[in-house]
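Look at the two complexes coming up: chain A is in both, with chain B in one and chain C in the other.
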Partner chain A sequence: MPQTPSHLPQSFRLRSGNQMMAEGALQAGCTFFAGYPITPATGIFKTMIDLLPARGGIALSAPDEISAIAYCIGASMRGYKAMTATSGPGWALMIESVQYALMTETPLVVALVQRLGPSTGGATQGAQGDVLLAEYCTSGGYTLPVLCPTNARECYELTILAFTWSELLRIPVILLSDKETGMTIESINDTSLSRSTSQNRPANFAFRDLGSYNRSDRRGTYYFDVPHEIPPFAPVGGDRKVTATGSAHDKQGRLQKNSTETLDVLKHLEQKIHWRLDDFVSVVSDLQPSATTLVVSYGVTARAAQSAVIQARNTGERISLLVIHSLFPIPVKKLTHALQGVDTVLVAEENISGLYRSVLERYCKGKKVRGVNKIGSMITPEEILVALFEEPWQPA
Partner chain B sequence: MATGVTSVLPIHSTYLVDEPRFPFCKGCGHTSVLRRLNEALVELQIPPHRLALVTDIGCIGLADGLFKELHTVHTTHGRSTAFATGIALADSVLDKGSLKTVVLIGDGGAMIGLQHLVHAAVLNVDVTVIICDNFVYGMTGGQGSSVTPECFVTATTPAGNIVPPIDLCAILKASHAPFVARTLATDPTFPQLLQQAIAWEGFAVIEVLELCTEFAVPANNLDGRKLRDIADRNGWTLGVLADRKDRSTFVERWKEGVVKGNGGQVPGDEILRPVGKVPMLKHAKSVILAGSAGERVQSSAGLVCGAAIAGGLFVSQKNDNPVTQGSGFSVSELWFSPEEIVFTGIQRPDIVLITSSDGLKDVLSRSFLDRLDSSSVIYVDDSLPMQETKGIVHRFPFRRVLGAREAALGALVFAAVRQHLVSPEGLQEFLRKHYRGNVDELFARVDCLQETRTEVRA
Partner chain C sequence: MHRAHEMIIAGFGGQGVLSMGQILSYGAMIDGKEVSWMPSYGPEMRGGTANCMVIIAESRISSPIVSRFDSAVVLNQPSLDKFEGSIKPGGMLFFEESAMIRPPTRTDIEVLAIPAQQEAVKLGKKQIANMVMLGAFLQRCPLVKPESVLGALNGVLPERHHHLLPMNKLALLAGIEFAYRAERSSMRTFARPSAGIPSERNN
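Coming up: the complex of A and B.
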C-alpha cells in the first residue's frame, strides 16, 4: 500500500540501498566489517567505515577481497558478527573462503552488489547476472541462502534477516543486490524501519528448541544428534575447545576420509537449511483470483514488474505477481501456491539467458514459461507489458 | 602477557595429546618443529584455551590433531595468516585481547598467501607465524616452490631449479614486521626464538629451514648437515633479523585513531520531516539532470530531493557516471511523486536539464530526446547545439550566469520551482540549512536567469 507522507509525525531520510545495508548490519549487531573497494558495492564499505568504529566495532580496509572475507570469518570464529561487501570480480576471489565458512559452519553475511559481467564487465552498469554464481559457488552445490532486496528499505530489512539466518543456521548468507538497488538514493520512511534490539552473539549459543546447551567439550565443535540440528557455537578463544576445519571432518572436527560420520556431517550442511525451509521463506505474493498469468521477478526488476502489473490491472487484466526475496533455497511452497490456476509464467530478470527462470522451470511442469531478459540497462515496465501481451503495449 | 598468569594456574606439562603420533616421514623437520613449539608453550605456560593454532594446507597443517586443548583452526591453502589476522583483530579490539594466535604454514602457503603475511606485518596484529620452509611441496610429491634454491632438483625442476628463491624474511622485514627471525629446525637456539616470537606483543615471524626427507634429500644428495650450507649459499642470515620495539600494535593505533575519527556520522544523513500537509504535485514527475563530473550534478540533485521530501513528496535519485569519478558525464535521474515510487527508471522524462556538453552527449547516447512528446520540457545551456525533438526546448545561459560550479544546482532550482516540484520558500529554507554556498546569491542569479531567458522552439 502506498504510504502518504502527510500522516505526521513521520520522518524521512534520503538514503541509498548500500547505506541502508550498512545500517541494517549495525541494527543486526554486526561489529566487524572488512572490505575492499569495488563499484558498485563501495558505498556499504564506506558507510561501515563512517559508522562502525564510533560504535565500538571495527571496519577496516583489507589489501584484497580474499583477505577481506578471511578477516571476517576469523572475527566470526572469535565470536563477533561480521560482514563484507563486494561485486562480481571480488566475489570471484571470495568464493574459496565462502566455502570455508560453509564447511566450518561459521556465520557470515556477504553483500554481492551485482554489476555487468563477465570478468570486470561494466563497473557502473547494473545487472542480475550473478544469481546462479552466488548460489552454486560451492564444490558439491550446497545450498547457500540468498536474499535479494528490491529497494533501499528492503536492503535494511533483508540485511537484518540475513544476519538472523546466518547466526541461527551457522552459515554464510548472501545478500544479492545490484548497482541500481545499491546506488539509487530514495526517500526512506525512517519511522517504519524495524528497530528491534540487536545483540552480540552469545558464547555457546544454540537454538532454544534443540535443548542441551551444557555439552562437555568432548562432544565436539560440530556435534549434532539429528542431522538438521545446529551445533552450538563456541568461539575460538573461549573456554570450550574449538576444532575448526575446512576439510571433511567428523563431529569433533577431526579430519576423516569417507567415514559414515563424515558423510553425515556433509549431509547435515544441507539438511540443516532444508529442514527450516518454510521459516526461511520471504516473498511478496500479490495474487489475483482467476488470473491465468503469473509474473515472477526479484531485485531491481521486481519494481518494473510491479509497475507493469499495476498498469495492466488498471485496464482490467487479471495478473498475479510473485516477488521473491529469498531466492535460495527456492520457496517451493509459495511458488506452487502462486502457480495454482495459472497457465503462463513470465520471469523478468536482467540477464541474457534467464538464470533464475532456468531454476524455476522445474517447478512449473505443464505451464508455459517465458522470460523477459535484457542486459545493459534496467528492464522497463513497458518491456514486461509487451512480453505479457506479446504485442506493443498501448496504455488505455 | 601470557607469562604473567603462571602463578595462579596449574602447571601445563605438555600441550600435546597423550602418546602423540606424528604423521610425518622419518627424519622430517616438522616433528622437531612441533616438539619445540610444545616446549615453548610449556615454558610460557599459556592457558590452552587462550591460544589458537591456525594451520595451513600441506604436511605441517596436520599439526592440529596433535594438540589436546588448544583451539585449532585448519584453513585453506595460504589463507591461514588472514584467518588468524581476523581472529586477532576481533580479539584485540572487540574482546579482552587475551588470545595468542599462532600460524603454522609451509613455504608453498607462505607464497600463495604472501599478501596476507605482508598485511599482518603492516597491521602489526598479535599473530606469530611459523613458516616451515623445506623448499618443496611435500604433500603433493615434492614440486618446487618459490623458495626452492637455484639448481635444486624437484619433481617440477628435474634438471635443477633455474630461478632464484625469494627471501621471505627480507619481504616481511620491508613490510615493517617488528620481529623477524630465521633458523634451522635443528638449531639449538630455535626453542628460545620460538618463545620470544610467541610472547611478542604483535606480529612475529620465524622462518624455519628444514629438509624434506622424502623428496629434497634423495633428489639432491643431501643430509641434515648440509642445511646450513644451503642457507649460507643463498645469503640467508640466521638469527634475529628484526627486533623493533618502536612499533605500536594495531590495537594501540586503532584506539588512538577511533578517538580522532569522524564521530560516526555519514555525510548528508539528515532526518527530514514533511512540513506541508498537501504536496505541491498531484502526479509523479521525472527529471533528467545531465552535466559534467566535478560540477556537483549528483549532490545538487540530492539537495533538491531533500527539499522535495520536506515538501511532502517521495523521491528517487538514480545516478550514472563513467567508471572514472572526476571526468566525463554525470547524470541524475529523478522522480518526484506524491505516492511511493515503484519503478525508478525513466523512459519519457517530463523535464530534461542539460548543463554541459558531456551531459548532452550522454542524453543523446541514451536516446532520451527521441522519446519525448509535446508535454516534455527541455532546459538546455544556450552554448549547446540542440537537435530536433518533440519536446519544448528552452535555452538559458546557465553556465555564463551561474558558473560551472553552480550551473547544475541553479538549473535544477530554476526548473524545480518553475515546474512546481517544490515551493520556492521551502527550497530556499532547505538550502539555507544544507547548502554550503551562498543561497541568496544563488537565488539572485537564478532570478537573473528568468530575466535573460531566450525561448526557442527547436
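Coming up: the complex of A and C.
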C-alpha cells in the first residue's frame, strides 16, 4: 500500500478505513491478532500481519473464523489485548465464541466490516445489514457495545475506544464498519490523530497485594461486591487457578445451575454495562434550534446525510443531524435531547427494513419516523434530500 | 465556499482503473488537498467492471459518494453507457477511443476521445494505457501537478513494480503531450462529440 514519499511532510498519508482500524489497534496497544481473510475486512488482516509482529505482537493467519476468534479469546485470557476482523459470513461463525467471551468476561475487539447479505451475499458490495445481528447475537439478549465509524479517521479513534471499553469492562466490543468505510481511501493528517492508548483491564493485583484478598480466599476470579463492579482480571496460567466456562457459573467460575450467586453473575454481565450507559456515548450532534426535522444516521451513510443536511440548510431549511457512533448501548440521553422540538425523524441506513430505525422508534413516541433505505449501492445525499422533502430535489 | 472536484473513473477490471484513481488521489494529497477514493468492483479478479469515485477538495469531504460528476474517465462501453448521463452540464468526459462502438452523444459537456491504448502500445506496454489517460486528463483538467503525480507513482506502485516507474512516467508524459497537441491544433474539432469518432465506426 502507499508509503509516504520522502519529500512529503510525514504528517499526511493516504489511508483506508481498514488500515486506520489496524493502526488504531496498534495505538491502543493490541498485542494479538488472529484473522481469516474476507472481503471487505482483509485490509485489517493484512495490515495487522504486516505491522504487528514488528512491534513485538503476535499476528496469526487462522484456518477459519472459528479458530481466529478462539485464538483471540485464548490470547486475551492469557493477558494479551486481542482483536480479530471479519465480515458477515465470518461473523456468523464467530457468534458462538463471542458469547463465550461475554460469559467468561474476556476482553476482545471484533471488527465487523459489513457486506451485502444474507449468507455469502455480495463480497464486494457494501451494506449496513448486520446492525442487529451484531447487537443481538447472544442468547439472553445481553448488551454488547457496538461502535460504528463513518470515515477512516474515526476507524482509528473508535478502535482505541473499543479497546478501552473492552478492557475496562472485560467484554467483547464490536467495531461495526462497512465496505465503503473500510475500503475508501482518504487523506489523513497524522499530527491530528489521538496519541492516547487504550486503558488496561483491571489487573489481578487485588488478589495478592491487598490484605483481605489472599490465595485461600474463597472469592473467585469473577468476584464482585456490587453488580456493576468489574472483577479483577487473573490470567490463565498465572499464579491463581482460573476456570473459564461458558456455562452459568458462580463467582469462582464453577459450573452451577441457578443458585442465587450464579444468577447474580448473569445479571452482573448486563449490569456492568448498564451502569455505565452514559460513559459509552459517542455521537456527533449537529442540532439547529427550531428545526422540526432530525436526520439520524451512522456509518458511511452518515456522510451522505451530512452532505444532504448541508445542502438543505444552504436553501434555508432548518434541519438537525445526529450521527451515532455508539449504536449500542443506545445513546438515549443524546437522542432524547436531539428529539426536542422535532416532529419528524428520518433514519438513513443501507438495509432493506430499517434495522436501527426499528430500535430507535420506541424513543420517538409522538413523532413521525421515516426511513431512507436501500441495498445494492450507497444511499446518496440526493436520495436523502428527496426523502426529506418528499419530492424530487432540485439543487439550488 | 468550498470547491470540490467530483469524478468517476470506470472500466473493466485489469485496465488500471482503481490504480489510476489512487495515483490521482495520492498526487492531490501531495498538493495538500483533501481526497477521497472509493472503489467499487465485482468479486472477479479480472474482467468484471470496476470504478472508483475520486473527490478532490479544498476542505473536508462529507459524502464519498456522489451521483453527478464534474468529470468522468471511461475505458469501456458499459461504463460510458452507465455514466455519460451522470456528468454535470459543462463537465468533461474522457473516453478510451478504441473501446467504444457507440460513441457518447451529449453535447452539453466537453467530450475527449483519447487513444490511450494506442499510445501505450507505442511505448511497448499496453498495461500503461491508464497512465496515458491520466496524463491527458491532467492536461485538460489540471487538478494535480504532474510532478505530484510522479511522486504519487512512487508511493502507490508496489516495490516489486518499481522497475516500471520510468515507463509509467513516459506514459503520463505521452498522455499530457497528446492532449496538449490536440488542444493546440485541432482539439476543438476533436473535442466535438459528433466529430470525436471517425464516421466508419458508426457503420
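Heads up, the rule we're going with is that the second predicted complex is superposed on the first by the 366 of 396 C-alpha atoms of A that agree within 3 Å, B and C clash if a C-alpha of one lies under 4 Å from a C-alpha of the other, contacts with A are read in each partner's own complex, and residues count from 1 in each chain.
One rule holds for everything that comes next: contacts are C-beta pairs under 8 Å (C-beta built on N, C-alpha and C of every residue); 3 or more make two chains touch, one makes a residue touch a chain.
It should be emphasised that the depicted structure is a prediction, and the values quoted were computed from it without experimental measurement.
The superposition on chain A brings chain B into a clash with chain C. Contact comparison for chain A: of chain B and chain C, B touches the greater number of residues. Looking at the shared chain after the overlay, A:241 reaches chain B, while chain C stays out of its contact range.
Contacts of A:328 after superposition: neither chain B nor chain C is touched. When the two structures are aligned on the shared chain, A:11 is found in touch with chain B, with no touch to chain C. Look at A:180: by the touch rule set out above, it reaches both chain B and chain C. By the document's definition of touching, neither partner reaches A:91: not chain B, not chain C.
In the overlay built on the shared chain, the residue A:100 is in contact with chain B alone; chain C does not reach it. Once the two complexes are overlaid on the shared chain, A:123 sits against chain B and chain C alike. Legend: residue contacts after superposition of the two complexes on their common chain; A:53 is shown touching chain B, with no touch to chain C.
Using the contact criterion defined above for the overlaid structures, shared-chain residue A:223 touches neither chain B nor chain C, since it reaches no partner. Of 225-233, 243-251 or 297-305, the chain B stretch that intrudes into chain C once chain A is superposed is 297-305 (criterion: clashing C-alpha atoms). Residues 2-5, 8, 12-14, 39, 123-124, 180, 183-187, 303-304, 306-307, 310, 377-378, 380-382 of chain A touch chain B in one complex and chain C in the other.
Those residues of chain C whose C-beta lies close enough to touch chain A in the complex are 22, 25-26, 28-30, 32-43, 61-67, 151-152, 154-156. Note for the complex: chain A touches chain B at residues 2-6, 8-15, 19, 31-32, 34, 39, 47, 50-58, 60, 62-64, 66-67, 70-80, 82, 96-97, 100, 104, 123-124, 180, 183-187, 190, 236-247, 253-255, 303-304, 306-307, 310, 377-378, 380-382. Interface residues of chain A facing chain C in the complex, by the touch rule stated above, are 2-5, 7-8, 12-14, 39, 122-124, 180, 183-187, 300, 303-304, 306-307, 310, 377-382. Interface residues of chain B, counted against chain A in their complex, comprise 48-50, 52, 62, 64-65, 69-76, 79, 82-91, 93-95, 98-99, 115-116, 118-119, 254, 257-258, 261-274, 277-279, 302, 305-306, 309, 312-323, 338-345, 347.
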